[in-house]
Amino acid sequence: MTTASLPAPAPRRAPGFFEALAPGGRRMLFLLAMVAVCLLFAFPVLWLGLTSLRPGYAVFYVHRGTDFTLENFHEVLGQQVVLKAMWNSFAISTLATILSLGVTVTSGYMLSRFKGPIPNTWFSLIYVFRCVPYVSWVLPLYFVTRALGIFDTYWGLLLPHVAVHVCFFSWIMKGFFDGIDPSMEYAAMIDGCSRWGAFWRVAMPAAIPGLTALAILCWLYTWNEFLFALILTAHETPILTVVMAQFVHELGMEWHLMSATAVLSLGPALLVTVFGQKYVIRGLKV
Amino acid sequence: MSSPTATRRPFLGLDEKKRFMLALIAPAVFALVFFQIVPIFTGANASFRDWALHDPKRTWVGLKNYLYVLRDPEFLFVVLPNTFGFMAASVGCSLGLGLALALLLNRKFRGRWLVQTVILLPLMVAPVIAAIMIRWMFNDQFGIVNVVLDLFGLAPVAWLTQRWTAFLAILITDVWLWTPWFTLLLLAGLQSLPPEPFEAAQIDAATPWRVFRHITLPMLRPVMVVCIVIRSIDAFRTFDIVWTISGGGPARATEVFSIYAYVEAFQFLNFGRGSAAAVIGAFIIVFFAMGLYRILNRWVEVSK
Amino acid sequence: MDWKLTALRRTATAAAVAAAVAVGFAADAGAQQRELKVGYQKHPIQDASLDMMEKWAKANNVKLTRIPMAYSVFMEKVTATLTSGAGDQFDIIWHNDDWGQLWEKWLEPTDDVAGIGNVDKWPLDAFWSADRKLTVVPMAHTVGTFFYRSDLLKPEEVPKTFAELVATGQRLQKEGKVKWGYVGGMAMNNTWFSFWWTMWANNCDILKPLFERDNAKLKAANFEPAITEPCHREIVEYWWDAINTHKISPPGMTAYTRNEANAIFMAGDAAFTLVDSTHFGEFNDPRRSKIVGKVAMAPFPVGPRAQKPTSWNEIWGWGIPKGISAERKKLAKEALAFMLGDEEGQMEMWKKTGGPPPNVRLWDKIAAQDADFRMLKNAVFDQKPVTHSAYYFAEWPAVHKAYSDAVIAAMSGKREDIGKVMQDNVEKIRRAATGN
């Protein structure tokens, strides 16, 4: 319990609790903390997984009894609409990610590189309209997509998603570009590059890690999004979260099927996160 | 696009630089106008009218809907305090926890990617499903939470029947859902910090707490400001988890602003009044968040 | 600029005409295979009703398209479609007494659907339009039903009064047969399964005059809430005692919806519940329930202020939007008439789903061959007086919520404060009813 046990050749300083422990104990403590953190974060998801494996009569009292079954998954996968919805959700998430990033990367670049009334107005605009709660405008949004003839199509869901992402992503993209030294772009422009050229050939490559990060966040968000999908689609374009919600009806809910579908939808999300994760952390530099 | 400025005809009297600026935001402006601004103005228009969903007369009623909401004691003395209380508690807790986890993950250790993946799990579950799941978990009869309490010899709690326990259940869910978001952004911020100040601190043999307090925190503040402001706006609008877990109950004890507007617009089908409530809420949060942004930014300047 | 605008307008007109022609052709081509689109909820009863229409559709070369919708937005979304007059979304929609009055303006009269004379008149009260035209075709009855565990109690032991319900519940709990005596939904929108059935069984109601459903008379009485009446205070106190004093109901019950209550009942943890009869099928489904074959129905227990058991009786139905073409209206009516006349299909619907069929002439026939239906008929349909489970004015959802908030607030406080909390909420309920 003395400072002598510290491996660091550091000069005198009061030992904290953590430093005062023997190295082995410290590692144990750290390990314990990590396990506790993981358990807390994973528990509801693990519980969902466990729930989905329980037969219909035991799906509420999950902790009572030990009978497990794959019947719920079998039943859910037997419904064509689930597979169709999975494909639609996948396509919409991917397309929304590409579109949103394509639109906001330029907008963020503008906010980062210029000063004056135009960027100021634009920033205030996206900020103010982000503050309006969905309640007042999802229904008008339904009428707008109906009027444009894109209700219940990919476009009718994609474009509103892009609109929602404009604020947050522009703000974060501005951060990325702020962190990239603009002198390279000036140099490129002196060498005869146009402004577009400087943006495209110099600034963009430097922002790729950030883009990847946002892409994953955006993909997950769209994959799990419920409200827009609920209002803006019908039977032509089934979306996974909406199909899940259809297990709730006026007389109750089929929680065993709902949880099984939720676990199925976790799969692609997990894949995207695991493969994209190292880019997320490396790339998100606000 | 790359021809020199001088040869171009001025368009609407704008110079080449302004045109470039506008071109950069043009697609975003298009999406924003059609799919956010137009619907928002349609909704705002409804707030001045007699607009029941089942019987849209659309007659102009002026500020009647606004006056109703602003005079409603439930809105002023239950809903608004609940909303701000929830916002402060949610943002505070998930910021603190998210920062701690980001600091932890910023160290190098074996299995870090696994811990990182696990912490991101809440982002992968649809919030609707997560909220239903958690409602069952907090049930007093079959919920796992009381089973665990029982294991530790604690008395079971009927979570959703009293104001503060219901509030706590909602808060725990929200913090679980949003901590990963903070962790992700703050960790990215941490990893982008330049190493020099930390090396200097090591030479001075500063304690970890002093390093955190005087180097990490000030340098991380710009990131934190963006996170806090964006998350505050979203927490103010929180709807789905409160709706699913407590429905604003017992009675109206945990009702937040979005539920008030939703119930008026879609349960009572009074779309005009629901829109008025939403517009009032939007004004409150626009000014609140702007103030918050200013204060936090000043704090950043001072700390530099 | 002017010529440009004119040119633009001309182009636009041309495009619109072209589009209209194209659409017209498409419609012509589509007329070969006629189609009916049905907006509904995925529920066994609704699917069974659609199966009957499917038989007609097959025989008449019509494509019947089922469009399932999530319950959370069903009413809102269909209402928005109806009021915008759009005729392209649905030809037949699921209709419910909860929003019967909200749609009366937007639905086609159904008085001329063949077989409509064979349905029960009482539940139709929610569906009359301003000019006394019917706007619904019944699909199945949804009636509140008192369920008990037949493996624990003989029919003659089933409680007949509120007091017996408490005593029997406590006895079964003490004997270790069940964990709880009674469990039922209480939270908003499931008010029926606790407060309301006891309210009617205690000769009480929400607004004065009691049991009045004529909106003009209610308005003349200025929507006076009845919640401070002794008959009403008694039922709130009854539930307060059931949870806190007699402990026959779980402590978390004030926050329960029907989902939680059913979960506990189907796990075998409670002796009694009250819920829609349509759950009978679920209670007896071995994949969903642990009490298969152990559930029976009985008339409601009676409160101190009543002599005979009450019942309530409502329907689910189908409606036809006004906005669709005359030809489609005709087709939709034919499909619905076939459903109403399909005796075989209706009997099968009862057997498969527990949904009581719309054609009341069939009831005696089914009762003669089916013991479960005999039991339901005795528990609900044969019991008089009958009440309505809701009110039928546009502000009703707001009144329902205000009422629910009042009683839940009273339940969450001290017993001696119940009267005061109810008194404090009188004006809130009236304010909800009058819309300002």
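So that you can tell them apart, the chains are marked A, B and C in the order they are listed, and the count of residues begins at 1 in each.
Note that in this section a residue touches a chain if its C-beta (ideal position, glycine included) is under 8 Å from a C-beta of that chain, and two chains touch if they have at least 3 such contacts.
Since this is a predicted model, take the numbers as computed values, not measurements.
Participant: Return the chain pair with more inter-chain C-beta contacts, choosing between A-C and A-B.
Facilitator: Top pair by contacting C-beta pairs is A-B.
Participant: Among all other chains, pick the one whose mean CA position is farthest from the mean CA position of chain B.
Facilitator: Between chain B and every other chain, the largest centroid distance is to C.
Participant: Taking each chain's centre as its mean C-alpha position, how far apart are chain B and chain C in Å?
Facilitator: 36
Participant: Distance between chain A and chain C based on Cα centroids, please, to the nearest Å.
Facilitator: Between these chains, centre-to-centre, one finds 39 Å.
Participant: Could you put a whole-Å number on the gap between the CA centroids of chain A and chain B?
Facilitator: That gives a centre separation of 14 Å.
Participant: Which positions in chain C touch two or more other chains at once?
Facilitator: Within chain C, the residues that touch at least two other chains are 76, 80, 263-264, 267.
Participant: Counting only residues that touch at least 2 other chains, which ones in chain A make the list?
Facilitator: 60-61, 64, 139, 143, 245, 253, 255 - these are the residues of chain A that touch more than one other chain.
Participant: Note the residues in chain B that touch 2 or more other chains, in rising order.
Facilitator: Those would be 139, 142, 266.
Participant: Residues of chain C touching chain A in their complex?
Facilitator: Per the touch definition, chain C meets chain A at residues 41-43, 65, 67-73, 76-77, 80, 84, 86, 89, 96, 258-259, 262-264, 266-267, 276, 278-279, 282, 285-290.
Participant: Under the definition above, what is the set of chain A residues touching chain C in their complex?
Facilitator: Against chain C, chain A makes touches at 55-57, 60-61, 64, 71, 139, 142-143, 146, 230-231, 234-235, 242, 245-253, 255.
Participant: Name, in rising order, each residue of chain A that touches chain B in their complex.
Facilitator: 10-11, 13-14, 16, 30, 33-34, 37-38, 40-42, 44-45, 47-48, 51, 60-64, 102-104, 106-107, 109-110, 114, 118-119, 122, 125-141, 143-144, 148, 159-160, 162-164, 166, 168, 170-172, 175, 179, 193-197, 199, 213, 217, 220, 223-224, 226-227, 241, 244-245, 253, 255, 258-259, 262, 265-266, 269-270, 273-274, 277-278, 280-286
Participant: So in the complex, the part of chain B that touches chain A is made up of which residues?
Facilitator: Answer in residue numbers: 1-3, 16-18, 20-25, 27-29, 31-32, 34-40, 42-44, 46-47, 101, 104, 109, 111, 113-130, 132-134, 136-137, 139, 142, 144, 147, 176, 179-180, 184-185, 187-189, 191-192, 205, 207-209, 222-223, 226-227, 230, 233, 237, 239-240, 257-258, 261-262, 265-266, 271, 274-275, 277-279, 281-282, 285-286, 289.
Participant: For a test of understanding, state which residues of chain B touch chain C in their complex under the given definition.
Facilitator: 52-56, 68, 139-142, 156, 158-163, 166, 246-247, 249-253, 263, 266-270
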